[in-house]
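Mind having a look at this structure? Questions to follow.
Letters are used for the chains, namely A, B and C, taken in the order the chains are written, and counting of residues starts over at 1 for each.
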Amino acid sequence: MKKLKIGVHGLTSCYGCQLKMASLKLAENIEIVYWNMLSSKGEIGKVDVAFVEGSVSTGEDEEELKKIRENADILVAMGTCATHGGVQGVIFGEDYKKCFKEIYGDNNIEFDGRIGEPIKKYVKVDYNLPGCPPEEDEILYYLATFALGSYPEEKDYPVCAECRRNGYPCILIEKNKPCLGPLTVAGCKARCLKYGIECTGCRGPLPHNIAWFDSLARTFKERGMSKEFIKSKMEIFGKQYENMEELINKVFE
Amino acid sequence: MHENKGNVYSLYKCRVLRVYDLTDDVKLFLFRFEDPDIAEKWTFIPGQFVQLSLPGYGEVPISICSSPMRRGFFELCIKKAGRVTSKIFELKPGDFVGVRGPYGNGFPMQEFEGNDMLLIACGIGMAPLRSVFMYALDNRWKFGNITVINSAKYGKNLLFKKELEAMRDVAEAENIRIIQTVTRDPDWPGRIGRAQEHIRYANTRPDKSYVCLCGPPQAYHDIFTKLIEHGYNPKRIYVTLERRMKCGVGKCGHCIAGTSTFLKYICIDGPVFGYYDIISTPGLI
Amino acid sequence: MRYVKIYNEKMQEFLERLKNYGKLYAPVKISDKFYDRKEIDDVKKISFDCLRTIMPAKKFFIPPYEELFEIDIENADYKEKIEETEPFVLFGLHACEIVALRILDGVYLDEFPDIYYANRRKAGIIIGLSCLPDEYCFCNLTRTDFVDIGFELFLHELPDGYLIRVGSPKGHKIVDENPDLFSEVKKEDIDAFKMFEEKRQKLFKYYGSFDNIRYILELTMKDKIWDEEAEKCLGCGNCTMTCPTCRCYDVQDIPDIDGKHAKRIRFWDSCQFRSHGLVAGGHNFRPTKKDRFLNRYICKNAYFYPLGTSYCVGCGNCTYFCPANINFLENLIEIRRGINA
């Protein structure tokens, strides 16, 4: 069997996704061409699949990402920073400038700092591997399908599906907790719900414009939550979702 | 033929015998069952489909496009569209796939006997209708006049174009008319226009005909109107529908369609439906 | 039908003895409000006032995740994963839940029987239990408030015990093998049974014939109520996952990392999810949230001809477990406005 050549890359991020991947036992049919976190050997070169963690938060990130794209047949956005901008994507516009100044002051900063954005804003992304970090079984599934010459089936249904399949109590109904399960892409087997902790949406909003921020905001509103509270919850991982604010505002008109 | 060791989801191993290119993104595959007993016994009705599996990739429903009279072999026409079909596209003679079926109701061929048959295909729709046509050729004495209208956007998209073209003149002598037409191809030397615009050239007698239709559902209503204008009996118009069946045996629910007075599993109640089913059931097409 | 009685004092022993017939599953409280059917060690933990479980009884016959085949990729060989199912006892199923299982039987045990389901169904022993409806129940409208078959034993609450209907040979066996637990039904038990039924019938919210709902639904599919209600919908799929008759599943091949083996799995799917209506080439038969929302109303209210009831058994689960407070029954009552039952 032909070996699958992969590259694993980290843009601005915590490297948690790569750490997760590094902890897995990969088979002999996978050849790591470049993985800077594990070895300083190697250069960004031709690969079958490039996994990219992190959001584009500097000019260097953008250059690196474009180079990765040019050299990869398939590019996978790995983790919520890469797919949705991540937590750092929450700081926008004027807020970003203020924040940047607060942290770095007037020092001469060598890098070109930017608002953290999902990598699809810069290059074509073939597949999304969501998660913060992604789940072991999903990383293995993605790798296995690529190695076979196939490709993964991306989930387009919410965490609620897995919560129900596992028989956990729905804490949104029962305890009025601001659970983002209905908006968030499944795959985590509703891990937090298992422990009675509401979903914070760490895997990012559902793809294909089916993250119904408006309907969930209405549900939260009916349960007595304020607009500010709802927004603060939803924007942690959803800030960069197209028209998120508009959808929430609609409910409070 | 549902004696799959007691498990309806079990697969029979089939070998690819030949592969033919039909268009840029459609190939025709000839298969044979590995088990000689199965190969001997296995048969189907034109219009039925099989569930075809590629190990590790998944399973897809595909209409059978050969005649059931050719025992031991069957042909599938596969368009490169998704995970499984893209991989099937790469298969070579000698490769294996898993097959179960046949499923679905198929066309009521016995009811058609003694009548004329008008087959109207748009695009990939020629696949299941070729099975009807081949069956009719193998049983020529059972049917009256036959017309096949094969249509596509461009000449290069016409399925079985060469096969149909090659038999055209001989067929005419046998009261079989073959009409191939394209809608958007300025370089096409033959007929131009949508399938329904060529119904008038058919050799079938409206009052003695059955009609089989397969193509994109959007086209159906307009074709119905034209057929009825030409005097074809709505009761004798049949269409075949498509869904992404996961089971093929009326369980998984992926092909449930219709409304609350006519809720059907396309895989077992169809895929062939009559004109009146279609017009009284929004959501079916 | 054979009728026997059991006194309250003997119920604990009865539940203990049920364990002789297989693993015992019964409703227990899993959180402040919710119940689920779990394996029972201590029979005192069984809840008798549980009206609905967050996972319907279908989970015992069509598990949420299931491996169908082990696949040897190189040899294109599919090895079926069918294991012998040990007998098990499901206690406390209400009439609607038993009808729901019979609907699943009609689908899964037709001319193409699903052997995975069939094996579990053969192993399952069903003990029914009477109930008093709450505001979500409407099994009286769907005519599923009483069952004649589909159970081994059915327990009807009496002031001092239960009147038991024996519904199958296995049920007779349980009664015959435990003569010390059961007594004869007396006149006052019959009176008490009638009183219970009377009380039960009075607790429903709506009355009348509901059979015409499927026509009315078709005629009102363009009404704006469906736009408004779909707008509220979260698309979370809770309604279908908690529905005792929703049975859609998806199938996937999951290859191993070594590329030599794979497994074919199936898992609960929902028509409320986008990918449910997709076909090859990318066309979606239910492209909008409203299409998907309405689809469930259509499908649930369609007739299941083998049983002569609709696919909906009136359990109220979809409303009870809807985080967006969408009320299935009230929506149907709304489109039916003008008909006084």
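The definition used in the following text is that a contact is a pair of C-beta atoms (placed from the backbone, for glycine too) under 8 Å apart; a residue touches a chain by one contact, two chains touch by 3 or more.
In this text the structure is predicted, and so the values were computed from the model without any measurement.
**Q** Mapping chain-to-chain touches, which pattern fits: line, ring, star, complete or other?
**A** Here the contact pattern is complete, since every chain touches every other one.
**Q** Measuring between Cα centroids, what's the chain most distant from chain A?
**A** Ranked by distance of C-alpha centres from chain A, the top chain is B.
**Q** Hey, which chain is the most central one here, using CA centres?
**A** C
**Q** From the C-alpha centre of chain A to that of chain B, how far is it in Å?
**A** Chain A and chain B have C-alpha centres separated by 43 Å.
**Q** Roughly how far is chain B from chain C, going centre to centre by Cα mean, in whole Å?
**A** The mean C-alpha positions of chain B and chain C differ by 38 Å.
**Q** In angstrom, rounded to a whole number, how far apart do the mean CA points of chain A and chain C lie?
**A** Centre separation, chain A to chain C: 37 Å.
**Q** Identify all positions of chain B at which a residue touches two or more other chains, and write them in rising order.
**A** Residues 56-57.
**Q** At which residue positions does chain C touch at least two other chains?
**A** Only 73, 252, 255, 259 qualify.
**Q** For chain A, jot down the residues that touch at least 2 other chains.
**A** If we look for residues of chain A contacting two or more partner chains, we find 148, 150, 153.
**Q** Please name which positions on chain A make contact with chain B in the complex.
**A** Counting only chain A, the residues touching chain B are 148-151, 153.
**Q** Can you list the chain C residues touching chain B in their complex?
**A** Residues of chain C touching chain B: 68-69, 71-73, 75-78, 80, 82, 107-108, 110-115, 213-215, 217-218, 221, 247-253, 255, 259, 262, 264, 266, 269, 271, 276, 278-281, 285, 297-299, 301-303.
**Q** Applying the document's contact rule, which stretches of chain B touch chain C when the two form their complex?
**A** Those in contact with chain C are residues 2, 5-11, 13, 53, 55-60, 79, 81-82, 85, 96-98, 242-244, 246-247, 249-254, 256-261, 263, 268, 282-283.
**Q** Provide the residue numbers of chain B that touch chain A in the complex, in ascending order.
**A** Residues of chain B touching chain A: 56-57, 83, 87.
**Q** What residues of chain A sit close enough to touch chain C in their complex?
**A** 1, 25-30, 140-141, 143-145, 147-148, 150, 153, 156-158, 160-161, 164-167, 169-170, 172-175, 181-182, 196, 208, 210, 212, 214-216, 218-219, 222
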